[in-house]
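Naming follows writing order (A, B and C), and every chain is counted from residue 1.
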Amino acid sequence: MAKYLLKRLFYLLLTLFIVITITFFLMKLLPGTPLNNQAKLSKSQIAVIYQQYGLDKPVWQQYLSYLGNILHGNFGTSFQFSDQPVSYLISSRIGASLQLGFQAIIVGVPIGTLIGAIGAVKKNTWVDTTTTIISILGISIPSFVLAVLFQYFFGVKLHWFPIANWGSFIFTVLPTLALAVSPLAESARFMRTEMVDVMNSDYIELAKAKGLTKIGIIYHHALRNSLIPLLTVVGPLAVGIMTGSMVVENIFSIPGIGELFVKSVLTNDYPTIMGLTIVYSVMLMVVLLITDIIYSLVDPRIRLTDKG
Amino acid sequence: MTNQTNQPTEAELTTNLPTDNNEPAAYQPVATDFQVISADEKKHLDDEKISAPSLTFTQDAWRRLKKNKSAMVSMVILLIFFVLAFGSGIFETHNPNAQNPAVTNLPAKVPGVPIPGLNGTIMQGGIRVDAYKQAGVKPGTFYLMGTDQFGRDLFSRVLYGTRISLTIALVATFFDLTIGIAYGIISGWKGGRIDNFMQRIIEIIMSIPNLVVIILLILVLKPGMVSIILAIAITSWVSMARLVRAETMQLKNQEFILAARSLGESPIKIALKHLLPNLSSVIIINTMFTIPSAIFFEALLSYIGIGISAPQASLGTLLNDGQKNFQFLSYQMWFPAIVLSILMICFNLFGDGLRDAFDPKSKE
Amino acid sequence: MKLKPTITFGVVALFGSTLLAACGSGSATDSSKATNKTLNIQTPSSLTTMDISKSTDIVSAQTLNNTNEGLLKFGKNSSLQKAIAKDWQISSDGKRYTYNLRPAKWSNGDDVTAQDFVYSWQRTVDPKTASQYAYLFDNVKNATKINSGKLSPNQLGVKAEGKHKLVVELNHAQSYFNQLVANPQFYPQNKKAVKKYGSKYGTTSQDMVYNGPFKLTGWNGTNDTWTMTKNNNYWNAKDVKLNKVKYWTVKDPQTALSQYEAGKLDLTNLSGSQVQQYTHNKDYVLRKTASTFYLEMNEKKQPIFKNVKARQALSLIANRKQFTDKILKDGSQPANSLVPTNMQYRDGKDFATESTNKTITAYNQTKAKKLWQEALKETGKSSINLNLLSDDTPAGKNTTEYLQSQFEKLPGLKITNQNLPFKTRLARSQAGDFDLVVSAWIADYPDASSFLDLFTTKSSYNNGKWSNAEYDKLVKDAGGSLANQPAARWDAMLKANKLIANQAGVIPLYQQAQSQLVKSNVKGVVYFPTGSSWDYSHAYLTK
């Protein structure tokens, strides 16, 4: 296990290094500058500003110093926010995004699991059909469409929740719901398939033959054995939430990193784009690693090996 | 598919039998129902022979697919969308990019449909008024989905947008297929260190959220249709490659492949003649899920402002435009949103149906 | 601050982000007062800095204009108001300005002194600060040499004589110098604070000191809401009626509108298609910006444009009113003169209105065709193909499409449109690699010279290379020999503005405007079309 973990960590760092390198050189292909009023500046003024951002040096020197700075947690200075370190920009905004992401998972996955399980147990009845429709709608309708509709009906029309902005818990309800729909639908769909499989397996037949009650079978055998594979979709769910948050945060005016990312893209704030790309990658890799570890702990059939 | 080694499973055989609930009510036989067969005819009767025609794998899958109602309905709807979107000019009732300042923001009006919302009326100060009359439009003019702020016909724009969205999705999926299949086959076939190396690359790509990669690529390539297609294709082949690789690794040790190898066939020929046909079900199923995700990404990119740019339209840009006026001109968002959602639902349901049809084991 | 000469709407330019004010809704109440005196304002982009030397976008300029104060400030219609300066003298040659300062305090208790101005100006011009607005100081003695590193910052032509007297030396007379001084870049900075906060100076509301009507609070440098709270140390605090002005960053236009309708905002911006829906609403306010979008014709590459009739034909065939009202529909106004309206006034008369005669800028298809045919004949051509450049923004695309359809009504004229990213378009304009290009300019200070100076023969902004000796002389006189004679200078500029329109040296197309909704109980908000644009120090809420 320890050896496996070390190896995984090594690959994680290697991957990170490659991600940083590729992102860095991609960004260098772009014409972005910290200048906001280029048309009114003289050449010498532009040179001075470039120098301040270290953009006057050869690209490989910029690359080396960027790598060195990252080791110290320094992602450079934002073009958009003058003098603001990118690391500070991200750290002060990541909280809102993490909170929304976790809430969406906490709301979406259990409900989805439940819906999927009910669908599987009541297979081929109207209950199953209803739950299937819910999950297919959830998977198919883009979260930004849902976000607009939620905002309009629950915020503007019904006044149940604030329309936008960030504050107490009540402000998080609508964005959380908009984000939760996709994990809910994905886990419902996955759960149903898994559980149908499990319900058809020999040991369930055996349990039935032994005369266990239906509830007992579902709870002790079917549900438990279906939950473990659910871990394998956590990675894709996390990606879905990161993706969704970029639009949902914009619609609800939430000061998170999704909104920051979109804004940086639209204003060519390359240091911030690079920093966020790295942060997103680290988050995803950590989620995948943790899932794998938990998976090996809960499922005795799986042993983590060097093959990983 | 002639090399298909799948044996029909028991489950499949059972599902092929007519189920009881499809049977008509109990039937009382009458004499005319029976007839005496001649000796000649009797000669051909062989009690041991299975009289059902033998089906190829594809035929079998098609037969199963036909039973899946939601998948069939989805398929029909998708076909209709394709015909409408790509039969451009024929179904577009107006030029999708022609601005007409005289008829801006008219609500939908469908001939012969008196339902509010589709009859050209809007609520104004609490009273329902005929917006077409107000705008002084000639009677007999219909905008099936209304018009936008520049007086462009929304129906034509939605068709046009659907065409752009579908084109992007299809072309991106095509590249995705090509890269994914080639990569997967090579990786699976070669095995060993090459495989290991190629899998590492996939892991790296998978450790960055794909939207981030897509956005970075679009920034480098400059926003536009071509860059969206490339960006989506470059990021989405990974899952295809993984599936194809796994399948290839299984297949390569099977007898018919070994036979082909020992007969000295070249690897390329083996891949084309033997592997590809056997991979087709995996490929088709995965394609059906790649298309909607490409549609989704395109819509998302256009929505945040780095996708298709005006005056071109895609479902994403139409949604974005419509959303700005959602409070008072809600139809401008509803129509593209509904079309986008229906497309996504149909692709997903059809994909589900195909998966079930190709993979009897996953049958409910 | 208007930065980009091209106001690309929407995506890239922060400029498009003018603000709105919203008023007294229930979201934030001052616990100490029974009456609600909070104004809630929507802003489409975040506050990026409070460092006076580094502010480049409209949100930071607007905030600085309300939290800090310089020698002078803008009032209604860009009129100059006394601020920290209680009076001033200008030497007879117009090169020496002496300001007498009133006693005032920083929010940390320090006195605002003449030395604070000297320090601030030196800091902005110092190349180490890398201010993007250092060029505004170019006429201050030695500024350009300091900025290019040839002299040390303390050689700048600004000196403190005692605590309350500031003396500025200029290179040459500059009649609008006081207009420049009213911009945030010329505000004082507290040296103690700059040194104390170091690299964090101006990056959060705590790492900054204020001498204006409000203090900034609740801004951690990256968050989406921040508040301006009444500054009791302000010298004129008794006239400040609001307790708080709260900013809400809302990027999604639909969300902003919903928040306004729900009473959470008292002032919000309208974007694009929303404008049409609200033009008849009682809360609707149109704010014209000091900007002009204009067409340049490349006389070097296409000699036909040396012919005045060819240029005039293009100007006459463009139906500006139809374009702004039916195509752009975002509140923009037709421009009939290079200098925009609502910017500069004399005796209540608008400079642009006074200098506009629509002989060449009013739509007249017959005349346009006739002039074009004559131009073709005179240059010996029967047909001509031209490319038309503009930005790749929606407005840019609408512009090229519209102009193409109009221009092609002229016999023998074929137009190819090219919509490019802002920086590419800028580079090609400057390199002269175009036939026709749609450019834009926003004034840094409310004086006609900020537009007229662009098109003298030698100006580096004159991309089309239009050249007219009379125009050059008028502009030169206005900036030099007439600098101390306001009436004669005004007349010279009027003449120049008429001349360039009639000669169609460049073709003015439209003036950009920002549409807003303002709750009817919000009074006393001051708007001016250049720079920081908004002053809330006199605003109050009725009811």
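Everything below uses one rule, namely that contacts are C-beta pairs under 8 Å (C-beta built on N, C-alpha and C of every residue); 3 or more make two chains touch, one makes a residue touch a chain.
As the structure is a computational prediction, the values presented were derived from the model and not from experiment.
Inter-chain contacts peak for the pair A-C, counting C-beta pairs in contact. Every chain gets a centre from its CA atoms, and the centre nearest the mean of all protein CA atoms is that of A.
Our note on geometry: chain B versus chain C, Cα centroid distance of 50 Å, whole angstroms. With each centre defined as the average position of its C-alpha atoms, the distance from chain A to chain C rounds to 41 Å.
In terms of their C-alpha centroids, the spacing between chain A and chain B amounts to 25 Å. Residue positions of chain A touching 2 or more other chains: 148, 152, 156, 250, 266, 268. Counting partners per residue, chain C has 11, 252, 254, 258, 261 as the residues that reach two or more other chains. In chain B, 305, 323, 326-327 are the positions where the chain touches two or more neighbouring chains simultaneously. Taken together, the chain A residues at the contact with chain B in this complex read 11, 15, 18-19, 23, 26, 29-30, 123-124, 136-137, 139-142, 144-145, 148, 152, 156, 193, 196, 239, 242-243, 246-247, 250, 261-262, 265-266, 268, 273, 276-277, 280-281, 284-285, 288. Residues 1, 3-6, 11-12, 14, 45-46, 48-49, 51, 54-57, 127-128, 130, 132-135, 147-149, 199-203, 220-225, 248-252, 254-255, 258-259, 261-262, 264, 423, 426, 444 of chain C are the ones touching chain A in the complex.
By the touch rule above, chain A contacts chain C in their complex via residues 31, 35-42, 44-45, 48-49, 51-52, 80-84, 88-89, 92-93, 148, 151-152, 155-156, 159, 162-166, 250-255, 259-260, 263, 266-268. Interface residues of chain B, counted against chain A in their complex, comprise 200, 203-204, 207-212, 215-217, 219-220, 292, 296, 299-300, 303-306, 319, 323, 326-327, 333, 337, 340-341, 344-345, 347-349, 352, 362, 364. For chain B in complex with chain C, the touching residues are 99, 101, 104-105, 148-150, 222, 305, 309-311, 321, 323-329.
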